[in-house]
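As structure tokens, here come the structures.
Note that subunit A is present in both complexes that follow, paired respectively with subunit B and with subunit C.
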Partner chain A sequence: MGSPAVRMFHRLEGLFCVYKPAGVHWKLVRDTIETNLLKGVNATPARPLPHEVRFLPSPNKDREVAGGLALRAASVPVLSKHPLVTGPEFQHIKVGVGHRLDVSSSGVLVLAVGNGNRTMRDLYRTRTTRDYSLQCEFGMATQDFTDTGRVVERSTYGHITREKMERVIAMLEGANQKALRMYSSVDMSSQEAYELAAKGLLGPDGKSVPILTGLRCVHFQPPNFTLEVQCLNETQKYLRKVVHEMGLELRSTAVCKGVRRTRDGPFTLQHALTRHHWTAADVAQAMQQHRWKKRSKGRCGTVTDKAVAQTPGETLAASQEDEANREATIAELQCR
Partner chain B sequence: MALACVRLGPRRLRPALRLCAYATLSRGSRPQEKSGGPVFQYVGEHRKPTHKVFVWGFSFTGALGIPSFVVPDSGRKRPRKYQLTPYRLETAEQISSAACGYGFTLMASSSQDVTKLWGMGLNKDSQLGFQRTQHSRLFSMGNNAYGQCGRRIVDEEVYSGSHVIHRIKGFGSRVVQVACGQDHSLFLTDTGKVFSCGWGADGQTGLGHHDVSSCPVELGGDLAGVEVQQISTYGDCSLAVSRDGQLFGWGNSEYRQLASATESTQMNSPRHLPLRGCGKVVQAACGGTQVAVLNEKGEVFVWGYGILGKGPKLSESSTPEMIPPTLFGRSEFNPTVAVVAVRCGLSHFAAVTDGGELFVWGKNVRGCLGIGKTDDQFFPWRVTVPGQVVDVACGVDHMVALVKSIL
Partner chain C sequence: MSSACAAVCRRCRWLLSPKSSTHLYNVQVQHSMKVDKSARVGNGFSSRGNHTATLTGLSWKRQTSYHHDFTTKYLTTEAKESTDDLSRTDATENKPALMPAVDAFTLGKSQMSPDDLDADDECSALEEISEEEAFGISVPPSIPPASTSLQQYVDKSETLTKLVQLGVSLWKLERRPNVGSMLLRLDFNRDVAPRLLFLKEIGVEDSRLGYIISHNPFILSENLENLQARVNYLKSRKFSSETVASMVSRAPYLLNFSVKRLDNRLGFYQQQLKLSSANTRNIVARLPRLLCGSLEPVKENLKVCEIELGFKENEIQHIVVAVPKVLTANKKKLTQIFDFLHNTMKVPHYLITKFPQVLNTKFLRLKERHLFLEYLGKAQYDPNLPGYVSLDRLVSLPDETFCGELASATPEDFYLFQKTL
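And then the complex of A and B:
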């Protein structure tokens, strides 16, 4: 139908996620991905140049033709369609970013290409939560709540035990659960509110204040501790502020050394592409895997944020189709 | 590594920072450099949590114990009729237990050799009084029109301004719990026997008759030979929980509170209530028209009439209905949340979880739920209290919570 480049372009439509390293602005990641995708699309072997019949002057001087040049028909390639004349076929791909990550955070960053942008918008309209892992340290309070900011105060932390930490975490979770119910737009005196609350689905629709739907301490060794947070409508600066406030509640001080997003909706660290795999082929494969996962999840009939375990038969079929598609893509790229 | 440690008391603010040396700090100073700048210590390692009292509800009766709500002490303040969120009550001593009546509150504080009783609120029938008691003596005061104080009824006795505090005797063993209904009283001894006195027209005294009883008499019926661990009553219905987890009830059953044992509207003798699916009952709480029980797994069951806690559609039930534990905070992040105490006011409920959170639901009479609004609450809702709730007492239009600070 179209050229191999156009076919490749249409295959590159969907959602995938990358691992954004710390210290890099998210826009740089998005631009790099766009450049790599364009490189991959434009590197597909070009269609052979069309030929047209042109009448060229004949080189043979022996022939004597009365009144005019001697012409001969020749099939020549149309130079105006040569890629060096027209330029690359694609100069722009729409790559959109899901929930952003600030410069010092790292982790899963969801990107959408082409029509995938619409899918991503619909996905984020349903309530999705994000998982973070926060590395924190007691003993310091800084200007911007990280360990590299200007130190405002230092304090002791010898009195902090795991039990006190659990109590503070329970209190924060209670306050956030209440916020979850308060910011929902459902009328509290209706039966619908009770049914949603009993299932645990009562929550805000759309924009609201940042709310932590889950918080727990997974590693505690003073002065270092690690928190796992599940939240919605958050920013990474808010999470660092939560760590700072937790330090204040414990009558000490705390800073956040690192924020790492481990899950964004259905995308986890396992699906994230690292730096060396930001090429068109890997991206196409990642998109295909996500499509298969979504299809099999739809067949199972459950609608949850986390991935549902696939049955062995489906996994086999999925992997076989994956293999076939991967081979087709690689074959296309290899034949130049 | 010389650190300058500045020791501070728990309530004092930080000293003026001009005195501290922030000499070498610049933007992006490395955290490894521990020198430069003092290290503050706010709390020592052996700090114990402080105990506080929070009150909320209708304040014009004085039951909240805050006089500036009724008569403002400064020209700028206005009288506050309803206190819709928990408000800290400053007490002279640490309060160990509290109880609420209709428009008044009693609190007890126990120190080394004396137990003091503090009261606030309406005193029309002299239900409040100041006294000192020494372990295990039982005193009663207030309206004795039906003999609920456990003393002989005097015709046309004037109760307001009365200094009569009657010491009740004749129980045989130590009384460990007292429960007061509208016009009757129940006493529980440490041997597991239940005594009652007062008005019995609905059979709430459980003595087998519908007359008034002015002296405490032991209960029989199905309770004979049963060791009771907790009694509860509020209006005209009474409940008792035995040590092996069985529930007994007697009194008014107009709202189907005792429907599992009888179809009639009154029962004047204690009967065993067979509850299916509730497990071993650990605690029971009786309200005006509704009943709640707690089983050993931390699940709450409700039945009766009124706002039961399962949405606006369920307004009456004669069989126990379990409230889903997700409403008390159970989730996949917190799979082990359990309720440890359940209390009833006249038309509302309160539940305390093992994490120290307080949940309330029911009719919001003059702001008694403490959730910041005056609308009725049809399913359990958290009350924001700064600390962990240890105990709660429910009155008709106000509540008192005993709270322990987190650190």
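And then the complex of A and C:
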């Protein structure tokens, strides 16, 4: 109902994700998307102008009516409703950003339009995790932990082997699991804690320190190596710091060359829209696909509240199972 | 409002029948307009009793009572009376503000109750007055004295109506301080029309007039002799009339600047860049806003090209003649692109000078395409070696052609690759 522009806008309300390129501020991405959506919505054909009856002076001046005024009724368009006078129908669209990415990182960035903002807020109130892929390099330490910062220290890395790396990773994972247990709001010596931990639902609610729920090295070729991380409540700077500390643990130094988010909650790389697809039509299509996927997961009767938190044993094998779990949880959330 | 009232009257005359009168009466009540009720009119009918059970409140009763009387008048209409009504409604077209009073009077005269609540009824709104007195009554204007938007004025002002018909974006102009008031004060025949005719004479197309006024409304308050003097100056500098017309169309503020300023700028470009007059005319004709803006950013850009980027003077001349936009480009973006070209892609200065349009592209476009070619092993920019990819084709081809010809891949592969960066 309403004008074609309003109908188009209703089709555009929801959640979708884009691939943020490195070197671009997230606000620029959000503003570009808003501009493109406004272009799409305002490009719909405008409503015809309403007409009103006005009494214009009659051209025939010698027709004498009582009072001496010669008027004729004419139906003229009301110019005060013309789009050049009122402006386009939509001048602002509420586009919200999910978990932000800093300038030098790239990856999946979730955006919400209109009513989708409420859905996104609910989504993030449950505990969702994010997947990162970190490209790292041994041999130097810099001021801001990236390869473009001011170099503070250089070191050799010939002594590092895969085994030593795995040992350090295990140590880090252990520390993070301890943090996970500490920040969850249940008493560790209770039955409830045991049951939650058995199901893998132990974890912090709301704000906490950044916790890596999963960490593994997927590619090791000194000086370069790649890490895959699952984490919550993190910032990209924290992840670079983790890389730096890993280098220190290995008696060498390391910097992070690139941080790339591959998954944010239920949104993965395959759903992300690249720059060429940041138009209103593509966004509407992406939202439609997301809605179909959610519906096809099926609805569950009862409502369970929190998303799955990872335990180290499951990290290596069960990433796909995770995704399915997470999507199911979000589907449950939606049927609330 | 009065016209709509007349339309309603005409409609109900034909639609009403005694059986359906109550239904239509309710309908009339639902659609009742805000009638200008004076207290005396209402009080005159307050004793007529309830006409409907649904609406409460004395004010609503007053309104409904007015409409009920209106409909009953037409109910009891004979053929003779209908002609009377016709003439009355015709007459009321001439006196719109008085129509309710006149019609109410015909009823009130016959059905006015003796206990009038208002004692001093000498100048009652119900009494008939002569035509001259009716015309003497001043009707307050329907437009507000002050408003934040031009919407209330556009239907009443001839200037604004004509501007909208030309295609001027009033909604953008009314945001700028003082522009709205200025436009309202203009008289179309005295101020606007001569300047539009002047623009037409120098060759500006009709479709561009809306664009020019939307961006530079102050051209309508510029002195005609000054405008003519500036056009004459440009023609004396050997710009052809078509060139002048195209420059004015693309840079709406051009004719607002004095002859001295235009002269200053043309002189600057000629001396600083050491270009011939033909070349100067060429770049100014292609980018007329060079004459409008300040010269400081241009000087800084030239310094950047010379010192930071390390181009020689003849190279800078060649680049500027090919791509004048470099003079007004953002310095940070310029250095970013050059840095990537020279240090990452290892393209030497002479190749950049040969293809200056790479300095005008978006950095991300260049970076993604170069990295894609590098991933495929096809990033070869030296003309002497086989598999040479020229820089202009790299940046100016559309995506499908780039993927097909230069990279021998599909656009989908390119988008997938972008997601790995």
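Here, the second predicted complex is superposed on the first by the 287 of 336 C-alpha atoms of A that agree within 3 Å, B and C clash if a C-alpha of one lies under 4 Å from a C-alpha of the other, contacts with A are read in each partner's own complex, and residues count from 1 in each chain.
Just so it is clear, contacts are C-beta pairs under 8 Å (C-beta built on N, C-alpha and C of every residue); 3 or more make two chains touch, one makes a residue touch a chain.
Just so you know, these numbers come straight off a predicted model, no measurement behind them.
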What is the contact status of A:S106 with respect to subunit B (first) and subunit C (second): first, second, both, or neither?
second
Comparison of subunit B and subunit C by subunit A residues contacted
B
If you stack the two complexes on chain A, which partner ends up touching A:R295: first (subunit B), second (subunit C), both, or neither?
neither
Contacts for A:L269 in the overlay, against subunit B (first) and subunit C (second): which applies, first, second, both or neither?
second
Partner chain in contact with A:H51 - subunit B first, subunit C second, else both or neither:
neither
State whether A:A197 touches subunit B only (first), subunit C only (second), both chains, or neither.
first
I'd like to know which partner A:S155 touches here: subunit B for first, subunit C for second, both or neither.
first
Touching partner for A:G87 - first (subunit B), second (subunit C), both, neither:
second
Classify the contacts of A:L71 with the two partner chains as first (subunit B alone), second (subunit C alone), both, or neither.
second
Under the stated touch criterion, which partner chain does A:P21 make contact with: subunit B (first), subunit C (second), both, or neither?
second
Take the contacts of subunit A with subunit B and those with subunit C, and give the residues found in both.
none
Would you pull the subunit B residues touching subunit A in the complex into a rising list?
5, 25-29, 31, 34, 37-45, 47, 310-313, 324, 326-327, 329, 331-334, 355-357, 375-379, 381-382, 384, 388, 406-407
Subunit C touches which residues of subunit A in the complex?
19, 21-24, 52-55, 65-67, 69, 71, 73, 78-80, 82, 84-87, 106, 260, 269, 272, 274-277
Across the complex, what residues on subunit C touch subunit A?
3-4, 7, 90-91, 93-95, 131, 135, 150-152, 154-155, 160-161, 164, 167-172, 363-364, 367-368, 399, 415, 418-421
Where on subunit A is subunit B touching in the complex?
137, 139-140, 147-151, 153-156, 158-159, 164, 167-168, 170-171, 173-175, 177-178, 181, 188-191, 193-195, 197-200, 213-216, 230, 249-252, 255
